[in-house]
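Multiple structures follow.
Note that chain A is present in both complexes that follow, paired respectively with chain B and with chain C.
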Partner chain A sequence: MAQSNFDRRRINGPEESFPPTFEDDEGEPSSLGWRLGQPRQGRAASDIRPIFLKAGLITQANGSAYIETQRSKIACAVYGPRQSKSTVYSENGRLNVEVKFAPFSCTRRKVPIRDAEDRSVAVQIHQALLPSIRLELLPKSTIDIFITIIENDGIDGCIAAGSVAASTALADAGIEMLGLVIACSACTIGKEIWLDPNNDEAQASSGTLIYASMPALGTVTNVSQNGRLTPDEAIRCMEACQERCIDIHAVVAEALLENAQQS
Partner chain B sequence: MSSDLVLPGQPIPIPRGPIPQLGTGVYAREGAVRASLTGTPRYEGPVGTRPLPRPPAPNSVVLGSITRLSPLQAVLSITVVDGVPLPAGEEFTGVIRVQDVRATEKDKVKIADCFRGGDVVKGLVISLGDARSYYVTTARNDLGVIFATSEAGATMEPVSWQEMRCPKTGKIEKRKCAKPEGL
Partner chain C sequence: MATVTISKAERSYIQTSLQAKPPLRADGRALLDYRTVLLETGVAPLANGSAKLNIGKTSGEGGGGTEILAATKLEVEDIENGEGVEGGRISCSVTCSPSAYPHISSNALDDLQYDYTTILQQTLSHPTLHPPNLGILPKKRSWLLSLDLVVVSDSGNVFDALFMAARAALWDTKVPRTRPVQYRANPSGRSSGDNMQVDQENDQETTSGFDTRQMAATAADFELPDYWDEGETLGGREKWPVCVTLNILPPVHFLDANVHEEASVPLRLLLAFSFPPNSSANLQAMRLLGPGELDLAQMKSLIAYGQKYAKDLFTALEVKLREEDTRRNVKARTRFAAR
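This part shows the complex of A and B:
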């Protein structure tokens, strides 16, 4: 028995779990009822899911943000700048990103132990944020970003939304940045490019791409690609994301201004 | 009012003429001055936001309590930087080395005759120090112990720059006292 890594501190769920099956789900290829070649259900190919973003929800954190795009829900808290725990002297500050999935965030239960998936998400968000933060102003200090994925509907969308939430939380925390980081995801379905895919759409696509940028400066901070995309498709994805990032930037700006006026 | 607020990355209009010296919260990139914080830009002083806790930097005045003593140095836990308190649990560690306690007769300084555990000390950060701690000095009249309790547990009052008296027992204990300004 795998008793050695049995977690005694938490209430352990059953060893196996199954996503609930609903009557109207059965007999369909995906919950969308969508087949290759059909146009996108619910929204246009270049549309993203509506975003709800609010800064400053977690009171004990220095800065925080909550983002919700339909069935993706992410909370983000920023602590610091605080003293670095490492023993080496560093002229620049450090950025530390931790991502946690809530046990109920996915269709299958997530064990509350760090696995490879949350680390790779954290690396992506770290990479997207790093060029935006003025770490040269914070010698010997660390900024800690904790991201909790409350509900996960497509990991690409979660990485993009997590980056946006983290950047908003950093601005709320009053950490000096070159600009706000905005990220958007895209996937290719057939010949079309669909922006901000949800889980089912990402599963059906041949490749996905996440694009993070600072629209205020017109610079790209991170691009990552998964699956199969031709160079031409990748460039078209990036162009589509770039355009949409400007719209998301307006949403973030509105949330931050609203928060700044309240405090 | 909302038009006055700027967001990180937003360009700040600068009137014609020489570019002003940039303070905190702004930076110059490709010839344009941009904000790096959310707030209202001002021509004098930094971008106005609520006072934010900052890590100590050289020349910042800090308050902290002594946590550990050794013959060579006193360790203090910095809780206030430039008048802004740090959030609980996010203290920085500072070190007062024996040569940084006072300006004169540095070789005669005994750490035990200058600080005791729990004393609240006002100091000046002289350097970023090593990986673990900031170097703090008290070598100025207005720097040193500002609050201390005696062995009997009463709050002591300073009688000279190196002695404090317990009001309960009348006993005199040695400290490197601060003479705060405006007294």
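This part shows the complex of A and C:
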């Protein structure tokens, strides 16, 4: 029985296909020619990529946001609070995060069918947002957050940007929160800590860390670390991310204010 | 990720007891005590390495506790035409037996499996832990190490159990020794049988040895020099991490929660530490679970505590694994010789 690749709703291509390799690509790890050992291209070690954030782009949703950081582009829509589909009574509201990668978002095409990576990103964003939303005010309700990743340049950067977009969209929807959730990612390259790594930098690093916090309250909502870091390096990464989160908070607040003034 | 729902009264009862002075737990343990951990390696004879781990088995009844079965299996992968990667790769998967979670639907069970699999896969298959002896023929063949874990029953603290069982199974894994062989076509047109000692089951080449047009100059395939030898142990065994789950209920934190304690706690911090010999400890994974919040200063102190607890756990596990090695190899041989 043909499993896994058989998708009835779409026209399936051939079973096996390979992306073309071009002659100048071989031996060149990235289009910018960056290699491990060289200093960072285009920005300092503690600089993040410039953020473009706009709220209220999807009029159909209760709240929405679009975030762009150089080559990562993420759109987020919030629907809610609306009635829970399940019949079980829940005293606190439910938060449901769904993430979808567009098939053209990564270097290798992603199948449109939901797979494990979608869920792992969704779980991280859910964990980042959960402590900030006042779910106890919304019994029997669900808040649905739909995140579409249009272009993915580094999965840690995507999770961080997705959390920021989701928090902005929640504020745009008027859902009560304890504070805005701001996230930042970091990686260690050799002895240095680089903030907001793109895909090439993250692949070359020995360890990455995603840090989500509420700068208004000074609390941490999610920390996720992969790869090898000494405990000291991890703490230094977190401190660097915390400082950067305060800066990003100002950007988010400005975007929300602009959106409120326009409407 | 609590799989049991408890009432507010029960949650308040558990929280008040934990925050009391002195802290009280349902089974009388101290805050930092683990339940009895039972470990056995070599439980699956067909696997290249295996382990069975049980935390908190209630004695006398023969059941209960968090039980995990872990097994590793090695498969050969083609690098050019297949999914193989130079140097080999590791793939982890966790299956939750439906009997372990009778109250949750099959969709929720799938999600739970995904979550456990993701954290194990992201931690154990990271390049910094990659074992050195998973390649066979450079650019042609490599090993795929599949680590499969089954949660047979869940009585709390599944993450610690999964990592311990994974470590034990990987410690126990033996990689078969391989030797590259070359094809040499006989110039007279007939194949000469004494040049080729390829083990039929491992023959992956589609070109036949009788084909005299192919004059492969480099090693094209490999063989097992000794069919009965289990092989050499998987490299990098000192680096596999152990995980501690700190259950955080301000102002206290505790270890090895059972299911009800896990459901009453607002925040859990998972820390996976690796203790390579002659080197300082490394953090290999960190996750935060639950709706609670912390501040950065508390995080720092918790990481330091976690490292201490992980070191104790690691030392105890190491002693047990070496003991298991001796039991299965040295003692078995002396018993066999003395029979």
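As a working rule, the second predicted complex is superposed on the first by the 237 of 263 C-alpha atoms of A that agree within 3 Å, B and C clash if a C-alpha of one lies under 4 Å from a C-alpha of the other, contacts with A are read in each partner's own complex, and residues count from 1 in each chain.
To be clear about the criterion, contacts are C-beta pairs under 8 Å (C-beta built on N, C-alpha and C of every residue); 3 or more make two chains touch, one makes a residue touch a chain.
Since the structure is predicted, the reported quantities are computational estimates derived from the model, not experimental observations.
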Which of chain B and chain C A:234 touches, first, second, both or neither: second
Contacts of A:242 with chain B and chain C, given as first, second, both or neither: second
Partner chain(s) touched by A:123 [first = chain B, second = chain C, both, neither]: second
Contacts of A:214 with chain B and chain C, given as first, second, both or neither: both
First, second, both or neither for A:177, with chain B first and chain C second: first
First, second, both or neither for A:18, with chain B first and chain C second: neither
Which superposed partner A:222 touches (first chain B, second chain C, both, neither): second
Chain C-contacting residues of chain A that also contact chain B: 214, 217
Of chain C, residues touching chain A in the complex: 111, 114-115, 117-118, 122-123, 126-129, 274, 280-296, 299-300, 303-304, 307
Residue ranges of chain B in contact with chain A within the complex: 1-2, 5, 7-10, 24-25, 27, 29, 34, 36-39, 49-50, 52-55, 87, 90-93, 128, 130-132, 134
Of all residues in chain A, those that touch chain C in their complex: 116, 119-120, 123, 127, 130-131, 135, 206-207, 209, 214, 217-231, 234-235, 238-239, 242
Residue ranges of chain A touching chain B (in the complex, touch as defined): 62, 79-84, 86-90, 132, 134, 138-141, 171-174, 176-180, 214, 216-217, 253, 256-257, 260-261, 263
